[in-house]
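The following pair of complexes shares a single chain, chain A, combined with chain B in the former and chain C in the latter.
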Partner chain A sequence: MPEIFIDGKRYEFEGKPKLLQFILDNGKEVPFFCYHPEMSAPANCRQCYVKVGTPVQNRETGEYELDENGERVIRWFPKMQTSCSMEMTDGMVVHTQESSEEVARAQKDTMELILINHPLDCPICDQAGECPLQIQTYKYGPEGSRFEVKKVHKPKRVELGPRVTLDAERCINCTRCVRFTEEISGTHQLTIASRGDKNYPITAPGMEFDDPYSLNTVDICPVGALTSTDFRFKARVWEMNQTPSIDITGGKGTNVDLWTRDNLVLRLTPRYNENVNTHWMPDESRMAYTKFNENRISRPSIKADGDNQIKTSWNNAIETFAEKLEAVKPADVLVLGSAHASVEENYALMKTFSTWGVNDFHFSPDVKEGFGDDFLLTDDQAPNTKGVKALGFSETSAEDLKAAIKSAKVVVLLNDELVDRGVLGSEDLKKPYVISLATNETETSKSTDLVIPITCIAEHAASYVNVEGRIQRSLPAKETKYTHRKLDLEMSEGRLDRYGTNFDNWVNEDNKVDCTPTWELMNNLGKRLGLSVQFGTSREIMDEIASSNSSFEGVSYEKMDDENGIQLTGMNKEEVSA
Partner chain B sequence: MSFDWKSYTPVIIPDTPNLHEIDVYTKNGGYDSLKKVLSNDWDPEKVINEVKAANIRGRGGAGFNAGLKWSFMPKPDGGPRYLACNGDESEPGTFKDRKIFEYNPHLFIEGALIAAYAMQCSAIYVYIRGEYYSWIKMMEKALKDAYDKGFIGKNILDSGFDVEFHVTGGAGAYICGEETSMLESLEGKRGYPRVKPPFPAQKGLWGRPTTINNIETLACVPLVIKNGADWFSGIGAETHPGPVLYGISGHVNRPGVYELPTGMPVLTLIEEVAGGMRNGKKLKGLIPGGSSTPILRGDALDGVNMDADSLREAGSMMGTAGMIVMDEDTDMVEMLWRISHFYHHESCGQCTPCREGTGWLEKILLKIRNGDGEIRDLELLIDLCSQMEGRTICALADAAAWPVRYTIDRFRDEFEARCKKSTYALA
Partner chain C sequence: MANNYEFTPEDLKEIETIKAKFPEVMPATLPTLWVAQRRFGHVEPEVQHLVAETLDLPVSHVHGVATFYTQYYKEKMGKYVLDVCTTTSCQLCGGYDMLHYLENKLGIKAGETTKDGMFSIQSVECLGACGYAPMMQITNDVYVNNLTEEKLDEVIESLKADKMPEFESVGMPQHTERS
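So, the complex of A and B:
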């Protein structure tokens, strides 16, 4: 197998990897800005310099020539090489900044030049704290600057499009954003304008940067030049907690991170998963964070007189729920699962009601024909269509659903905005007694008789099966009235949670929603109805599903965490149709 | 060198009147070399070997053997292959290709066609700088005439060899004279130099094998075919032979383009060919091959000849043989600032050291020029040059750094006289 010597250590490699990626893959570091593993390497930032040499081989025999000490004779490249574009060859010898003063010096030189026209406005820059330029300057940069003349001034606060704002002075011209629109999203909306130290990325005159994936350029920007218009100046990076989760606005199951501060989700960013979304995420999904904060239902509410809903106690809500059920036969109750809710929630609902005697379970798929592209957007608008189906809920069309509601006396509706997305009219829900378990106040929840708040994906750990049959799970990011960040070991802790006192941190009880996970609600309901159902944590529920449902065989939270999601066997990759 | 330059008969731009007209050109033996090559006994291999033996060293500045360059093209695989002719000449002090476009375009066209035949190219592109608008028109006219006469197109002279010939104008960027950047520009993209490898011979225009040659280089080719490699390599300096177009500008009495053999003594060129220094002033400095080549002191030019080896010994380069002559009144600080201004303005902005370094160099030189400089700024300038040289994708950073490094090195007294004493040392 071909070998390479990096800083005196021997590594073996296969194929033709590029040197920088190989160094990074082996847990070492070389500073870089323009390189991105998903895109071409333009080698323009000149930061990833290394010293490279190849062994001298005898032309005839192909044997390595040795010096008097029996060491291989190395022919060094006359110039320093950019490791991002350097193809590895057998026997190559590489010195990074760790073992070569010359390389460290070259990297410092480039860094000094990158910084001369950079405004160094870190204290007011959104990127500070997660800025490759900032981090690498601390690690590899010069101690000071010898630049004593005037910096170049360029446009600031340029609205490139509806979602992205440019500060051209901060730009270091790595061209990652331009290459993203050329190579990944394919819209070719950005280009570099002007020349030399005056250049910066911009759209063609009069054009908007309205690429459906435009915000990815903000993520890959190695400085604070491209910022999200929505998130700009909202929070410092180090004040937020970062929690891995799943995007619930589409069927792709894009892996995301939820960024929370004071139990409010402030932004979503993509999380790397080579099997789903790699580094990217559609803009559409990023705005979903508002649903986790705004219009949340806190405490149950009940229709009191006419159409007015008033807040009620949890006891009263459970009591009313049970009374309404006890007044009718199981056959008169319509239980609707939801492709917008997790596997565990749907399972808890189904198990409770089938123990009570209900046999039929339905759900209404949420598919918008023609919405998908062949990248990360799918026709399926729900995150868990395949999951609900695998649990045994039957796909029901709008007409059948309306008929079923008409003939039912009590309807139990798990978190699904049927009225808002036009499947039902609010008048369809008039006749039966409708109990909805919902996260957000919507037209649907307003049309129902009893609304019981449940946790959303940002507040519970639960799993979702995407259109490709891959099951992935979320972690709780926000506290509810009944959870505590320090007690729930799965909850992420930020720097201030870990090291600060309560007085350092942002603490606001108002942002904690009064709601419970569906399975805890089902526990209370089951107890009241005298059923033998008892759910533990969602982790235990998943173990139970895995042992009872063949579609979920072998699934567990541990395995999902280890493997970044599990491809369910027996589920094909074709899209779910209406 | 006791060469009588007055007895030399020019061959690239001969004295024949109206040679730019195709009829005049063919009457004077034009396109005979092409006919010779396309006749049966010349296979492409033979053409390449002949040109290689003639040792035409690229006239665009790098001075690489043209025939050797041609031989780097991979074996034909049935797909398109290209010859790109670089007529961007935007290096300050260089204005030789213009003469060819104007006075002898068909010599270049013939050379390009022979080169295309030798490398089995399917299309030839000639890239001419946008400022040469009239010369682009002249080339278009010349190409049309050659098409009409059947020297270009399908089945040229019944030999079965097909080639298309296109003219493209630049848009005023110096960087598009860099070969890979020119390819990007030809493809209709922003003129950013490409990372090598892959080299153009492997992946050039539209990802296909491409060779890039200077206009003057190609204009030498028909002469080599006509008169033989030995004739060509017998002209001028031994290691850098052939006729060459010297573009002499600056403080001389008769600036202009002169065709003479390589290896001419620099002082002969200035004193005799160009008619001596203007107003009888003393020679102070000479930039021998376009603004990026290191400047030589006027008092160190004895015995220096215009060929690669002699100039290397003297501490400079042949470049494009665009000589900029400066007299004793020249302000070297002003001159260097102006050159730095040019490179700052023309840096494409792709690589960090060049994008930021050229601007920094210019700003410091402007400071010194305005009398605000300090001695330590000179150290900083030299330091910056080391931070730029060899650290970028193309050679523009080197081209910007060399004038600064060598002008300060060779005229340091003048720079120091302009600088104040430093108040504190360089960090």
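So, the complex of A and C:
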């Protein structure tokens, strides 16, 4: 097998990997800016310099020439090479900054050059704290600048498009964003204009950077040049807490990170998963965080007189729920699951009601024909359509749903905005007594008689099955009134969470929503109705599902965490239809 | 973008010939921009859009190329663009004097165009004719060497009469000595 010697250590490799990627894959480090594993390597930042040599080989015999000590004679490349574009060959010898003063010096000098026109505005820059330029300057850069004259000034606060704002002075012209539009999203909207010392990325005149994936350029920008117009100046990176989760605005199940501060989700960024979304996520999904913070239903509400809802106690809500059920036969109750809710929530709902005597369960799929592309957007607007189906909820069309509601006396609706997305009109919910378990105040929740708040994906650990039949799970990022970061081992703590107290002025109790997970609500309801159902944590519910439902065989939270989601057997990619 | 510019059939034919020279269409950007600039006198954003459309390339690419080369005019210029060199050699030999003389004579500053649309003045970097300093170039074409105020007067007069000055071959000192 071909071999390579990096910093005196021997590695074996296969194929023709590029040097930088190989170094990174082996847990070593070389600083770089313009290289990105998903895109071509133009080698224009010149930061990943290493010293490379190849052994001298006798052309006829193919034998390596040896020196007097019996060591291979190495012919060094006359200049430093950029490791990102360097193809590895058998016997190659590489020195990185770790074993060569010369390389360390070359990297330091390159960095000094890159920093010449870079403004020193880290204290007000959004990228500070997660900035490759900042980090690598600390690690490999010069201690100061010898450049004493005025820096080049470029445009600031340029609205490249509806979602991206450019600060051209901070740009180091790595062209990652330009290559993203050329190679990944394919819109070719960006270019580097005025090449020279005044260069910066920009759209063609009269054009907008309205690429449906434009915010990915903000993520890959190695400096603070491209910033998210929405997130700009909202929070410092180190104040936030990062929790892995799943995108719920589409069927792809894009892996995301939720960034929270004081129990508010402030932004979503993509999380790498080679089987789903790699490094990217659509702009569409990024605004989902507002739903986790705003218009949340906190405390149950009940329709008192006419159409006015008033807040009520949890006891009253459970009591009313049970009384309404007890007044009718199970056959008169319509239970609607939801493709917008997790597997565990739907399961808890189904199990409770089937124990009580309900036999058929329905859900209304949320599909927008023609919405999807071949990348990360899907026609399916719900994150869990396949999961609900696998649990045994039957797909029901709008007409059938309307008829079923008409003939039912009580309707139990799990988090699904049926009125808002036009499946039903609010008048359709007039006749039966409608109990909705909902996260957000919507037209749908307004049209129902009893609204019980449940946790959203940012507040519970739960699983979702994407359009390709891959089950992935979320972790709780926000506390509710009844959870606590320090007690819930699924939750993580940011600096402010860890070192802050309830008496700090940045802590706001109002950010915690008064809601419970669906399965806890079902526990309370079951207890009141005298049913023998009892749910533990969502982790235990998943174990229960795995042992009782063959579609979910072998699924557990541990396995999902280890493998970044599990492809369910017997589920392949087939489009769900309305 | 609504486009008020259009290539003539001859232009399109020329662009086809240009495209045929290259295995891919991208390298045809530069010569096609020249065709456009010859036709319209500039490559304003709208013209860049036209070029991109004609070549079926992203507008952003054409824009990036056009902004790199100062020889492409990204805005409307005068009929004659006077590029006065003000880099070292010309500067030392009076390049700025020539520039200021021109500015006063035409009543505009460097970077501006006269009202009648005849002249634009630009202060440019080295044009590689240090031996004939101070010098200027007219509309990416003829070099006018060893400028003096009188010579500038003459040049302006002849340009007003739509007559480009003749190219004058100036031998390097070593050559003139020998002959």
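We adopt the following convention: the second predicted complex is superposed on the first by the 568 of 578 C-alpha atoms of A that agree within 3 Å, B and C clash if a C-alpha of one lies under 4 Å from a C-alpha of the other, contacts with A are read in each partner's own complex, and residues count from 1 in each chain.
Please note the rule applied: a residue touches a chain if its C-beta (ideal position, glycine included) is under 8 Å from a C-beta of that chain, and two chains touch if they have at least 3 such contacts.
All figures in this text were calculated on a predicted structure; none of them were measured in a lab.
With chain A as the common reference, chain B cannot sit beside chain C without a clash.
Of the two partner chains placed around the shared chain by superposition, chain C is the only one that A:P205 touches, whereas chain B remains out of contact.
Using the contact criterion defined above for the overlaid structures, shared-chain residue A:G144 touches chain B, although it does not reach chain C.
Judged by the touch definition given at the top, the superposed model places A:G306 against neither chain B nor chain C. In the superposition on chain A, contact of A:L190 is made with chain C only, not with chain B. In the superposition on chain A, A:T110 makes contact with chain B only, not with chain C. Of the two partner chains, chain B is the only one that A:N173 touches; chain C does not reach it. Clashing C-alpha atoms between chain C and chain B turn up only in stretch 166-174, chosen from 40-48, 76-84 or 166-174, once the structures are aligned on chain A. Residues 191-192, 194-196 of chain A touch chain B in one complex and chain C in the other. Of all residues in chain B, those touching chain A in their complex are 173, 175, 190, 192, 195, 197, 344-353, 355-360, 363-364, 367, 380, 386-387, 390-393, 426-427.
Remark: chain C residues 1, 45, 48-49, 52, 58-64, 67-68 touch chain A in the complex. For chain A in complex with chain C, the residues that touch the partner chain are 181, 188-196, 202-207. Contact residues of chain A toward chain B in the complex are 41-47, 49, 78-80, 85, 87, 106, 109-110, 112-114, 116-117, 144-147, 149-150, 152, 172-173, 175, 191-192, 194-199.
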